[in-house]
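Letters A, B, C, D, E, F, G, H, I and J mark the chains as written, and numbering starts fresh at 1 in each.
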Amino acid sequence: MKKIDVTEAIFAIKKERELTWESIAEAVGMSTVWTTSACLGMNSCSAQTADKLVSFLGLPPQAAKVLIEYPTKVWDQALPQDPLIYRLYEVVGVYGDTLKEVIQEKFGDGIMSAIDFSMDVEKQADPKGDRVVLTLNGKFLPYKSW
Amino acid sequence: MKKIDVTEAIFAIKKERELTWESIAEAVGMSTVWTTSACLGMNSCSAQTADKLVSFLGLPPQAAKVLIEYPTKVWDQALPQDPLIYRLYEVVGVYGDTLKEVIQEKFGDGIMSAIDFSMDVEKQADPKGDRVVLTLNGKFLPYKSW
Amino acid sequence: MKKIDVTEAIFAIKKERELTWESIAEAVGMSTVWTTSACLGMNSCSAQTADKLVSFLGLPPQAAKVLIEYPTKVWDQALPQDPLIYRLYEVVGVYGDTLKEVIQEKFGDGIMSAIDFSMDVEKQADPKGDRVVLTLNGKFLPYKSW
Amino acid sequence: MKKIDVTEAIFAIKKERELTWESIAEAVGMSTVWTTSACLGMNSCSAQTADKLVSFLGLPPQAAKVLIEYPTKVWDQALPQDPLIYRLYEVVGVYGDTLKEVIQEKFGDGIMSAIDFSMDVEKQADPKGDRVVLTLNGKFLPYKSW
Amino acid sequence: MKKIDVTEAIFAIKKERELTWESIAEAVGMSTVWTTSACLGMNSCSAQTADKLVSFLGLPPQAAKVLIEYPTKVWDQALPQDPLIYRLYEVVGVYGDTLKEVIQEKFGDGIMSAIDFSMDVEKQADPKGDRVVLTLNGKFLPYKSW
Amino acid sequence: MKKIDVTEAIFAIKKERELTWESIAEAVGMSTVWTTSACLGMNSCSAQTADKLVSFLGLPPQAAKVLIEYPTKVWDQALPQDPLIYRLYEVVGVYGDTLKEVIQEKFGDGIMSAIDFSMDVEKQADPKGDRVVLTLNGKFLPYKSW
Amino acid sequence: MKKIDVTEAIFAIKKERELTWESIAEAVGMSTVWTTSACLGMNSCSAQTADKLVSFLGLPPQAAKVLIEYPTKVWDQALPQDPLIYRLYEVVGVYGDTLKEVIQEKFGDGIMSAIDFSMDVEKQADPKGDRVVLTLNGKFLPYKSW
Amino acid sequence: MKKIDVTEAIFAIKKERELTWESIAEAVGMSTVWTTSACLGMNSCSAQTADKLVSFLGLPPQAAKVLIEYPTKVWDQALPQDPLIYRLYEVVGVYGDTLKEVIQEKFGDGIMSAIDFSMDVEKQADPKGDRVVLTLNGKFLPYKSW
Amino acid sequence: MKKIDVTEAIFAIKKERELTWESIAEAVGMSTVWTTSACLGMNSCSAQTADKLVSFLGLPPQAAKVLIEYPTKVWDQALPQDPLIYRLYEVVGVYGDTLKEVIQEKFGDGIMSAIDFSMDVEKQADPKGDRVVLTLNGKFLPYKSW
Amino acid sequence: MKKIDVTEAIFAIKKERELTWESIAEAVGMSTVWTTSACLGMNSCSAQTADKLVSFLGLPPQAAKVLIEYPTKVWDQALPQDPLIYRLYEVVGVYGDTLKEVIQEKFGDGIMSAIDFSMDVEKQADPKGDRVVLTLNGKFLPYKSW
């Protein structure tokens, strides 16, 4: 049993029981974004979280071990095509240099970590059309000189 | 005079007068991220903003017209290499499918606009190391069927 | 059952019963282009449309759920090779900058949405050879400044 | 003097005299899209059109010969990045197979010519936001068997 | 049954009965090049040709329908590697600009169609080594202006 | 003085004196295709041909030496974009495997040389539209076994 | 049965009977390099050689026909990664222009054929470490002018 | 003064004085292939060789220092296009796996060095057409285990 | 049985018996990094090591022969995406030219071998966060001139 | 004055005064690797280090400001070609998965930072040929879950 098998099992159960990612996240006591990414095989669970997930979804017991394994994080398309994901790539392209200027002005020479990192999605109601609010939160890491 | 010339002029003045993007943004009454991106030639100014920018920075008068022009938004590297920008690309790669799941669960079939869109950078003090907080705010656009 | 399975089932039935995309579209009360793209798995149906499609084509009942699912829109070849599709890519390459000039002259700084979007194909009779008339209709989205 | 030089001269004059592509097109008696593409160096003018363009814009006389030259049609980015142009590429990606199905159902085995071809851009007023209407009109070419 | 299945069936029968493409072409009354390409799934047959092919080769009856289907013309390697095919690609690379000059000098601004197109292969005996003579015959399509 | 300089000089003279490639080829006593390709820097001239070319066109004397130099044959775009050249690439893609089958059936295991090679362009008058006839003539080279 | 199947059968027998390529080559009376490449499916055998190979290795009878078939020569990685093969690619990269200078100085304008071609591998004993000696032998083909 | 400047100076002198690479190599007492590659900037000279080269060719004195510098070895085209160089790349593609089999059978697990490496070009007279004989000689390096 | 099958068998046993790479390495008397890479199929074992590995892990006997085979070393992604591996690629990108300067200053013109090479991973305890210490040790190979 | 200008100035002075990177590093009191990378424009100096560098090398005063600027870290070739740098890339390709296994076994799920990172090059004398010892030292960053 591999990560991809657990992911497919989760999708099947989720569809059958008409669950949401939000409800699964609540059941394991973690955030929706992180829980979804762990279910998609892009993050590893602690033993405790794996057990909760297995028990809440009724996954086979050996799934717990798989959820705990450290994933190899790769993606299918170096340049994404699905419009929702492409727009995020476009934001990085259009605003990448801008973000470098603004972050390094505020923090000095370094980067925002994508490892010591969390992310959140919120819905902002708006009469002209609801808005997606994405919050990325990463530790600033200064370059070392030696 | 082209966008790139205005950008270089702004960088030269900014270095000489030791200005920050934040102070330039304040002077023109717009956000820091947007102002920086307009100065980098990735967004077009309104006539009013262009005038303020020209007057605050002491740019040559014809720069205003150039700042108002609609930019062609292209970037040098399809896959970014600078570590700060790469980490953002990595986030899109690692979390792209996750965000698709979570956003479409909350909003239905559609995307977050990268056009009707704004972005903000904040510094979150933290004893274990300050954190970069990036907020992306885009209108949700549902797919049309016809 | 996944989108690809439903698409293959539709193709098989369509061939056996010698249906046209036009007749399928009529049966579900939507346009030919949109209906074809939904059958190819590139758009999601409303519950009502899915039911009509399932009942008209005699698809297995679980196909309805699949037709309603939000698709991941990806395509096989970043640069298309089939001559019919390549010609469209060529038009984008040859006339891309022209369209940017003309659209932005008429509308201001912004883009034509590919999400709030519809498309139509018509046949124009012509003694020198019939002509294909393709109409793309997308909402104009102005860039936001903030 | 090459196509690129004539294009730059036209842009300079257009900016200085605050002309629109529409007014230039009217002056030479051709459509806006075609005229713009000829000015951008992606189509060749007839002698008559070249003369009108040179005289209306006050271009140097040798520009006429250059406008008449047959262009080599190449584009900078195999995968476009500017959001306005990318959306058109995305439409080809998302709807390419659909258009193949629908066009070949209506016309038989063959393609829409990108050579015996014209295109138009219209503005459709809409209270929920104006819409861009793009019309592509190409001769249908059936595959030959021999 | 798909194009690929019919192609494999034809190869098997051809090997078993030790047929040549030339004899198959004769049997269906079409040229060798076109017939081969239809057998390889890169062109669609008329109903009559499909029937002759099915009957001459003893293909299963449903193969006729498949041979009539309009193919999606894609190829495995954007840059061909097999030496025979690479040499043709090399000719396009080395002589592409030359052909553009010579064809457009003879015909005006336009292209040689690859759709209203035929091709032939002949053997030219030569004491210093036989020569391959390839003839490409395509309708000239002038660019339209509008 | 390099190949590119001689090519540009030839283009300038050709435009000024309103010459055709055909007339230049006649003057040097070689075919039009080969002469054009030598002028574009993709083939080397014999001393005699170089002298004739220099004298007919009135090129500077040192151009002869450059015309005699062996060219490095490279092309700008691995995948051509100009529609006239792309159609040739498309022919290689669509008919590559077919040509391999037909040539090797006629000649045995080997290739058509692109070095011991010539090419010709003819105009075939046709009431439904003139046709471009391209003839490629290359020595067959059998694979050696050892 | 395809080339790949025969190759796998050969590898299995070679491992089981602990044969070397050298001994197989001797048995069929051809060179080691050519025999290996024919076994790997990259060259076609004469009928006689195929029979010897089938009989020496005890391959199934239909393998002979497959060994005689003309191969499609393609390779998995356009840029090789295995260190042994990469070093050869590196030699082409580092010394490509040098070889062009030296070969064309000795032979005139033309190329070394990779078709009328043979290759050999020898071991040169050396106290500082044995050396691999690779000999490539190809017919010189002069460019034709016409 | 950089490697590229010295290379261009050498080419100019070589053309003017009608020297061959062979004569230059003789003058400095090294092989033709190595000398050519050093002149092209792809290998570094010893002080002694650099002095001989400068004095034989009459290069400016500072050229010696540049010839001694260690080059950065990069090449323009990852996949070569010039036919002479492409054929070498093709040999690596077609025979790469074969060479791996044969070399490792003779020497064990390891590679042929491209660093402790030399190469030679010879002309083999042949009534059916002269042949190019290329000899590559590299130290065998066994993989280390630890 | 191929390398990939042995690798999968090892992973299964390692998971079931909850072994570490370190303990496996100890059992066969080799380093952890080398042992892991041999288990992943990227290095070949000596007969003795293969036997120890088979016996310690309880692999099927034929696995020994496979472990001894010389691997073809290829990797899935030319540009790695998994964050741990990408950081190593980034180090090569950011510091590649620096390492060339420093190594060649210390050793002369040449390279660090990746064949006569070993590598080690150590954990350095640090109150601000433990550190990974990677040591690469490769023989210096000077370029040969000839 | 940009980073590239300062780098070129440093190279010129270094050559003229026959300095080594090691001596420059000593003069500024930093390590050789870091100092070299700062001189190559891939790391930013503190004000103090910049002043020492400017004063030791006799750079123009404005160079200090440039040395302090935060660099955009990009590299010319996504896949390096220079043999010294390619070998490092090859190590990442061959041993990437191995290092992931070994590092994550020792440290848990996370990565080795390339930001909080240092590197060292040492020469290890060896009678069979000196060895390059490269030490990479990076903080381990565990993935966060949230």
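Operating definition for what follows: a residue touches a chain if its C-beta (ideal position, glycine included) is under 8 Å from a C-beta of that chain, and two chains touch if they have at least 3 such contacts.
Since the structure is predicted, the reported quantities are computational estimates derived from the model, not experimental observations.
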Copies chain H and chain E - interface residue numbers shared by over half, same or different: same
Centroid spacing, where centroids are CA-atom means, of chain B and chain C in whole angstrom: 32
Chain A-chain B separation of Cα centroids, rounded to whole Å: 23
Two or more partner chains touched - positions in chain A: 33, 72-73, 75, 78-79, 81-83, 90, 93-94, 97, 100, 104, 110-111, 113-117, 141
All chain pairs that touch each other: A-B, A-C, A-D, A-I, A-J, B-C, B-D, B-I, B-J, C-D, C-E, C-F, D-E, D-F, E-F, E-G, E-H, F-G, F-H, G-H, G-I, G-J, H-I, H-J, I-J
Contact set on chain E toward chain D in their complex: 30-31, 33-34, 38, 43-46, 49, 70, 72, 97, 100, 104, 108-111, 113, 115-118, 141-146
Sites on chain J touched by chain G in the complex: 79, 81, 83, 86, 90, 93-94
Sites on chain H touched by chain G in the complex: 20-22, 32-33, 36-37, 40, 42, 73, 75, 78-80, 82-85, 87-107, 110-114, 116-117, 119, 121, 123-124, 126, 128-141
Complex interface listing, chain G residues touching chain I: 15, 76-77, 79, 81-83
Touching residues (chain side chain E, partner chain C) in the complex: 65, 72-75, 78, 114-115
